[in-house]
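The data blocks that follow each hold one structure.
What follows is a pair of complexes built around chain A, which joins chain B in one and chain C in the other.
On to the complex of A and B.
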């Protein structure tokens, strides 16, 4: 038992309730129980089941489910689905990450001061977050259609199919996803900017740093906690993206926007549940392998204020 | 450690058993008991149906409700994602009381219909359906579906006015498609010679394979050569690669609409109807959609149908998903009996009225052919002239042909690569069926 000593004399024993006694631990566990149950039922069990089915031959063609080792992974690799979907997902994630964070940091800087005008604009930019992803996808599909408003306002006269070209479709869909979440990311950055002590900025200004220099050398490094949160949110969002892609391109043209989750859906929709599970398992692995080290690295560069 | 291992093992076991349940059936009811006797009344039946169902089919459901005292709750399966929507819902273990689904053997096998649906072979409609009952929802000689919709007859729908303006006659071969495309481009730059609905993906399979392969699949000859392993989809000199090569050449010649990769089935029909596209490779299921866009007279005045294959004028057909019904085993004998009653009604007392309203060709003998609109008459003529079974009908794993053909037209695959992919899908399905 811990005790407080002054000059070698035992003067008082720390109260039993100060430490996490067995009774206290049990008390806290009750509060944690709902979260533990939810995580177990809705994450852990499906995750383990998915991991097992990834190694099973399971299709709608047969009632027999049997172990086939790496057979599903081998098949989706031979079909070119796995590699292609991983590459497309990574491009989608990186594009979304860049667009989302550049736009949001810019907006946050512009809307940093809390006043009536900025509050209105913050609310306006937050609206897309509240829109259903499918609705957002359908709206953008109409905007980007060959006869849609975007082509109408562009200076040149043609009917370009933004969602009909492999490259522009992928970039467009990733950007729509980024646009959809940018309001939320902006608010996080606004909070991050406002958390930076004014005295630090004033000191940099007195030292002769201009606005750009202050941003790069002072504000951006101190924005690290918000940056970490937003990067991880963007990445995980991209890895789990499906609805916006469905509403805009359904994975096309061809398979140009077939992200891993779209590939999972396609396999599942063909009654090929084993290969769908294998692809789904890859999504989980990608999220873990990418996000965990990234969080660790980003956390290390955070500065305690 | 041991405890956590045991917990993991238990989890896996629970998962596997849940999945196994979803794939199998709990029904132990005898088919003969279900097929005889009076149908129960006051029952609510769920039906998964295609949103492209014609008004005549929807009215037939209402007529059944009125006649039986039962209620049908329609669960909409969007036409644009119909196979995927059904498959994903089915995979969860959910079962409707009545399932509207493709009649192709390949599609029936993908739901393991032989295990999961009631054998209807001894019902009266089977004799009336004749040879169609040997194709629609038929696995190993047993009929699991009633198909009251006329088979989907695949070919080319063309705009008569565009063709007349360019002084062209209806195409018969892929060479005709290429030459007609050249002429149409010259005559009117505003008209897309061929509409490709790449956005919906599945329509791409029609031009890439269904139509081209028709002459090679008379008597299901090509299907049999693949399933007996005497030929492969990847054969360099085989018709499968040749079909995709011919279709790809049309694409590269600029014969398709500018939004070919995002175009949709519904828009393709509108385009051919209004003449902004001269042709679209589609099936007779499109006629109901055309008729909903304009009056039958307008449709007949503007749209014609032609049987087109590689080098001969041969149409191809497959049992239609619109009007083909299965009775899944649900374990609820009352509902199963009521669902059988539905099959009896639509193939018996309600059938004549349906045929009359649909204006289509009856699939059951003993029912008079109603006066057909001109476009339907052209389809019937092509069908009666010796249409071949559509190539995807009996080759397992062919449900992926649409997305693969879409990749071909998006320039992401060569015909040989597309064939390799389809061969892999076929082998995967074949292995799964054999397990």
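On to the complex of A and C.
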């Protein structure tokens, strides 16, 4: 029966997908061609070239580019740049992810209904999304400064330099990143909550599930598509983050906030293109290693409706 | 009662999250340098707004930055919307194996970070290093993926009938695309444009690598250069005035279109 169905579908679709004539197919290729060329030359090609440059000795002080195998990686490792930058980047990514999800899911739950007051709140919480990460960095550097508003309201130890301490500086820059994105993620979660059918919630309520239980057992699993999107988006964002660090700590104090991409820029700025490419290659590897299985794993957990 | 508590919670949360940072930004952009050093929330004793904003416009090269931003961002956004939706139409309506391969290739650019050093290398080989054209090409090439991905999904959910009817009536491919597909795509194009404008207008990363040593610095780069130009730490009053002016174009657009922006993002289903 199934086979018949498939065969039937194929017959019905054949003229459609192939197009009435070969001429049409060529026309269609023309429509995709500019995008294919641009993505290939300015995204895919550099991406592949990066995997090659990472293994090349290449500096701004010499015209020769030659193969040195893992030399670049060994060099940045011996200098203590590689491991440190990877650890810092991972802490940044996880911190950002936690802050952003706690804030966005809470706000989305509070703002789920579309009414006049909630519309105003949604509009207000969206404003940080509009400003550049650089601007966000400057604003929060001021809020967190020793004489800034945060220290003024805290009852203890006045004039604490939040961005001057290794630990708090890293947590702070990651949180600024989360602050900037949370307005958008809130809307994604609002849409996610509103896609959950009322009947499912009502059934859970009738079965005696309280609000917290309903959230954990029913709503959160059904929120998975939005959650997947957000986790991947913010991890990738964190792996290639740079702007906020440039506006707040410039990688410091010491190298406490030297994310991988900041390290890439530092090497690049010194004309060390080979080692910069090697660090950039690590960013790419991290993105592949985290994002691909994560998408698969989270997709499997998603509840299909 | 429950709803009332919710509004109290939202207001209390909005104070440190939104009100404090933006008030601090605004009020300090009106102060003198000495007064803004303290970064207090109080109103200025001496109003220095005119002088601050004038300094940003002259020394901070605000209008040069604004013009440069418009010159590269407008073509970038239009090109991504047009070329992305054209490609998406092909991908959505074709079953060709090689086109599917091309589709995955561009969708990959969503999850993979761009490799900036080879990009500089390629632009140098093409003689486009440090030029606006080079920057536009890179921005388009790295932003097309998300556009293609969103639009392909959207077009796949549209019925075939309109396009077939137009084809039977003898419309050319270009006519079908502009008269049938584009109007149906309008809601998605609007939402995609919003996301693109936010990401392209605020781009600092590529501008830093590709436009650094040229007179074509965009607003974020102008802001960074201006803020870092002072040797004795940040001059908060001036940095803040620059931040406000740099953010102003998007804020104005947002205030005008706010309702559509938010409903597009909430109901348009950015996520499948």
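Please note the rule applied: the second predicted complex is superposed on the first by the 270 of 305 C-alpha atoms of A that agree within 3 Å, B and C clash if a C-alpha of one lies under 4 Å from a C-alpha of the other, contacts with A are read in each partner's own complex, and residues count from 1 in each chain.
To be clear about the criterion, contacts are C-beta pairs under 8 Å (C-beta built on N, C-alpha and C of every residue); 3 or more make two chains touch, one makes a residue touch a chain.
This structure is a prediction, so every number in the text was calculated from the model and none was measured.
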Which of chain B and chain C A:83 touches, first, second, both or neither: neither
Partner chain in contact with A:66 - chain B first, chain C second, else both or neither: first
Touched partner set for A:34, first chain B, second chain C, both or neither: second
Touched partner set for A:145, first chain B, second chain C, both or neither: both
Which of chain B and chain C A:268 touches, first, second, both or neither: both
Touched partner set for A:53, first chain B, second chain C, both or neither: both
Per-residue contact with chain A, leading partner among chain C and chain B: C
A:127 touches, of chain B and chain C: first, second, both or neither? second
Touching partner for A:45 - first (chain B), second (chain C), both, neither: both
Partner chain(s) touched by A:213 [first = chain B, second = chain C, both, neither]: neither
Shared chain A surface residues [contacts with chain B and with chain C]: 44-45, 49, 53, 145, 265, 268, 273
Chain A-facing residues of chain B, complex: 8, 11-12, 14-16, 18-20, 23-24, 81, 83-85, 87-88, 90-91, 109-112, 115, 198-199, 201, 258-262, 396, 399-400, 403, 406-413, 421, 424-425, 428-429, 431-433, 435
Sites on chain A touched by chain B in the complex: 44-45, 48-49, 52-53, 56-66, 75, 78-80, 145-146, 159, 161, 163-166, 249-256, 265-266, 268-273, 275
Complex contacts: residues of chain C adjacent to chain A: 6-7, 9-10, 13-14, 17-18, 20-22, 24-25, 28, 37-41, 83-84, 86-87, 89-91, 93-96, 99, 102, 105-106, 108-109, 111-119, 121-122, 137-138, 140-142, 144-145, 148, 160, 167, 173, 177, 198, 201-202, 204-205, 208-209, 219-220, 223-224, 227, 234, 236, 239-240, 243, 246-247, 250-251, 254, 258-259, 261-262, 265-267, 269-272
Residues on chain A engaged by chain C in the complex (per definition of touch): 16-18, 20, 24-25, 27-29, 31-32, 34-36, 38-47, 49-50, 53, 103, 107, 110-111, 114, 117, 119, 121-135, 138-143, 145, 147-149, 152, 179, 184, 187-188, 190-192, 194, 225-226, 229, 232, 236, 239-240, 242-243, 246-247, 261, 264-265, 268, 273, 276-277, 280, 283-284, 287-288, 291-292, 295
